[in-house]
Amino acid sequence: MFSRLSYTFREMWASLRRNFTLTAAAIITAAVSLFILGLTLLVLRGFDNQLSQWSGGVELIVYVENDATPEQLQVVRDALESNPAVIDVDKLEYLDVDASLAEAQRLFAGDPETLQLLTAENIPTQFKVVPQPDASAELLTEIASSYKERLPKVISVAFPSKQIDVLSTLRGVVQFVLYLITLILLFSAVLLIWNTIRTAMFARRREIEVMKLVGATNWFIRVPFMLEGLIQGLVGAVFASGGVLTANWYWTSTVQSFPPDSGFGAFVVTGNYPQWVVFWLIVLGMLVGAIGSGTAASKFLDV
Amino acid sequence: MIKLENVTKSYSTEVTALQDASFDVAKAEFVFLVGPSGSGKSTLLRLMNRQEKPEKGEVWVAGRNINDMPDAKVPHLRRNIGNIFQDYKLLANKTVFENVAFALEVIGRPKHVIRQQVPAVLDLVGLSGKQERFPHQLSGGEQQRVSIARAFVNRPLILLADEPTGNLDPTTGEGIMRLLDRINKTGTTVVMATHDQRIVNMMRKRVIQLDRGIIVRDQARGVYE
Amino acid sequence: MFSRLSYTFREMWASLRRNFTLTAAAIITAAVSLFILGLTLLVLRGFDNQLSQWSGGVELIVYVENDATPEQLQVVRDALESNPAVIDVDKLEYLDVDASLAEAQRLFAGDPETLQLLTAENIPTQFKVVPQPDASAELLTEIASSYKERLPKVISVAFPSKQIDVLSTLRGVVQFVLYLITLILLFSAVLLIWNTIRTAMFARRREIEVMKLVGATNWFIRVPFMLEGLIQGLVGAVFASGGVLTANWYWTSTVQSFPPDSGFGAFVVTGNYPQWVVFWLIVLGMLVGAIGSGTAASKFLDV
Amino acid sequence: MIKLENVTKSYSTEVTALQDASFDVAKAEFVFLVGPSGSGKSTLLRLMNRQEKPEKGEVWVAGRNINDMPDAKVPHLRRNIGNIFQDYKLLANKTVFENVAFALEVIGRPKHVIRQQVPAVLDLVGLSGKQERFPHQLSGGEQQRVSIARAFVNRPLILLADEPTGNLDPTTGEGIMRLLDRINKTGTTVVMATHDQRIVNMMRKRVIQLDRGIIVRDQARGVYE
């Protein structure tokens, strides 16, 4: 068994070295495609963070002062619920101090200066308002602007439908272009790994011929090649992962160096999302390697 | 040991490489296949280790019909058959020892078996002092001895040799023939394709002669003609 | 001569087809790298348009009404020049109606609705102000905010130093990341073209051997291979160019679908800049092909 | 036509492939190079068309010292030398006609010259009816005739043949020898390496015998020995 393993690795390593440029090209292409995929996932997550305040159809937020009494809050709620033709009352949601603080953590992740200023004593609480699908924008604007004067403790009413549109469109463009590039490059990576394995098998066709003649099984012949492809995918994924983590760190520190309140605060990705991305990149890299080498090893074994 | 029954094989519609060939080879027999270029000698040998499948007829090796043997069993069939070629088919980047050991390694023989059997077979073919040389550091005859050692190290029942003396000068070729004869005397069946007149005439073994895919002569203790 | 040409093309074409997967991978990689390069150039150009209002160290713009008389303009100019400690008087620049209209063409290229509203009769003219390098931001803000009340015909004073900082930093990040990816992929493309040529020559080593034996010159043998590499680079560049033009068109129409005044109006690239990008992509693609195939053809001819 | 003066060639420090070889080959002469495997026959032939350069000594071909010939001139040297090999070196994806025409195409001969010379030379080697066949549709002997046609189509001064009958059965091999003899009689110098005893004895031409890189015999009208 040990001799078998050492045979497999010895052969694989020799083959990797012999085909150096093709191997390098395959690894580079796999790495770049996975890197772009990783970036895409992070950028989309940034957009989602930025838009998360507005998720679920929320188009209007009424900010209420931190020290509003339950009675004052009820007045606001009543006012909002008095317009069921314009506002979807079932989806009306109130974020109390804790929920608002939790949201701020996400929104100002890249803007610690602003975040520091928000405490349980001063953070505004919010009513998130989903309009009826057929409510006219003008009517909504009119109602919204009247709240600030009419209702107690209301700090401001946010109704940034334009920016939301722009951001969502941008998100769509970025998603489309980057996924397209990723897909094309991943395809190229599969082709290349397929090709390095084909080349590796061709370079060793005399050995393969002899192996078959002395009675080696097909699996015995195939495994080192498949492993070789797997490792190319894996190495590509490892490079990509390093790149993605570095890029994320670089971007986070760039955003933190922006002036406070630049509007990019939510555009950083935190928590263990980057680790998840890396995990999936590595899985995908190995998959790409396995597909490329597996098909090549099956196809060219009977030549 | 080997039995062909009405075997026909053609590669394309134009060429029939072998037509209705039938014969029997007994255990420990030595058979020459002779005939002009393209008459089907190599094809016959390739049918015997399932490198090719016939269109018609049956091929039996060691008591088994190898036509309807599943592909997965073929490696085990081949472990009973040694192959020798005109161009030796040695691996240039491996030493003599490694070339022979390779044949055992790839069928999963443990290290201690390899360390014991390889020197023994190299001794048999007369190369004990040259274990660490590479093929290009050997004469053609010596290279052919390495390839015989590789074919024989697993003690196969059958040796198939396709013009093993084709690249060798007459003296060296004779040495190879004496070695094959010695191996044959240990009980190994040998089938050898050749067009070396001198050698066939010298050995006086059974001769099967082909002409354009047809067996035209099958003679015990025959000559080249 | 004609037989020579037809020989060259026949051989090249046969070789391209034989090595299909490797050729495809080489072309894809070349195309994607050049596409990303093209995108990079367009995106950077977008940033530059967006920032062009503020180029040359301009940090403050005083917008003056269209109908201001020369005397009124002189009052504004005098006020600006009275603060040489804070404002770099030598770099003070006045954009009249024509110059402002020209600038607006650039700034609102992607926002035709806004652009339409601006005519020679209503467009504000502008004083572009470059502060002294050591002027404190507070002082500048103070002075700037006093202008609007004090001076005749001043509509507004723009002093968006934060946004400029953010934009320039973003531009730097985008430039760095995209150039890096481009460079890595271009390197990979060279490797791949090198490799396809090596493979092509290896696949035809018997022919090459015969050609050398019957006395063909090295150049005769080499030219079809070099042409093959050149064509791979060229085809990659053509795909990339198509992609870049499509992407530019897609982006332009996306920006135009944004609500007016989204802030992305200047982010589209117009004029013949895209054509220039395409021209250079094609030059670069052929260069990549020539480098890869030329080195391979020289290296492996004497095997 | 060919002159070697004290030529020594070794590929590595261990093996001296050729040592201090000197001889002259006159125009229209026919020379056999014989000797056991590895004695340096192929090396000698490769020195004559500058596939190899010697370490010591000088090689003259057609009155020119080819050692210090610049690389760029080598193609023109080779246009005066035809080469024939044991394995034919035909291009499998080209027909007989195309294989021969190829040799003219790559040295830039115009189409009308090709259309005239190729059929003529195919006629000479006896393949006029088989122009459109592919190599695998021919017997070994026929393939070797194609390779001779290719080597000769440009009417070279010299033909170098490295074991041209090595893969052929005796009858076919004899046919090839008669063809080479005919070509030789047209004034072409032929140098042929072989270890086919029978052929050497049959032809009775000049024989240069090598042993481990040393010329041990140079005999007019010699036999194999």
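A, B, C and D label the chains in the order they appear, each numbered from 1.
Convention: a residue touches a chain if its C-beta (ideal position, glycine included) is under 8 Å from a C-beta of that chain, and two chains touch if they have at least 3 such contacts.
Predicted model, so just to flag it, every value in this text is computed and none were measured.
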item	value
Chain labels contacting chain B and also chain C	A, D
Farthest-lying chain, centroid of Cα atoms versus that of chain B	C
Whole-Å gap between the CA centroids of chain A and chain C	27
Cα-centroid distance, chain C relative to chain D, in whole angstrom	61
Chain centre separation (chain A, chain D; CA means) in Å	68
Rounded Å distance between chain B and chain D, as computed from the means of their C-alpha atoms	32
In chain B, residues with contacts to at least two other chains	none
Contacts with 2+ other chains: residues of chain C	none
Arrangement of touching chains [line / ring / star / complete / other]	ring
Listing of all chain pairs that touch each other, if any do	A-B, A-C, B-D, C-D
Complex contact set, residues of chain A against chain C	21-22, 24-25, 28-29, 31-32, 35-36, 39, 162-163, 165-166, 169, 173, 177, 181, 184-185, 187-188, 191-192, 194-195, 198-199, 247, 250-251, 254, 257-259, 261-264
Interface residues, chain B side, partner chain D - complex	14-15, 35-38, 137, 139-141, 166-172, 195, 197-198
Touching residues on chain D, where the partner in the complex is chain C	49, 71-72, 75-79, 83, 89, 91, 102-103, 105-108, 110-111, 150, 154
Residue ranges of chain A touching chain B (in the complex, touch as defined)	3-4, 7, 206-207, 209-218, 220-221
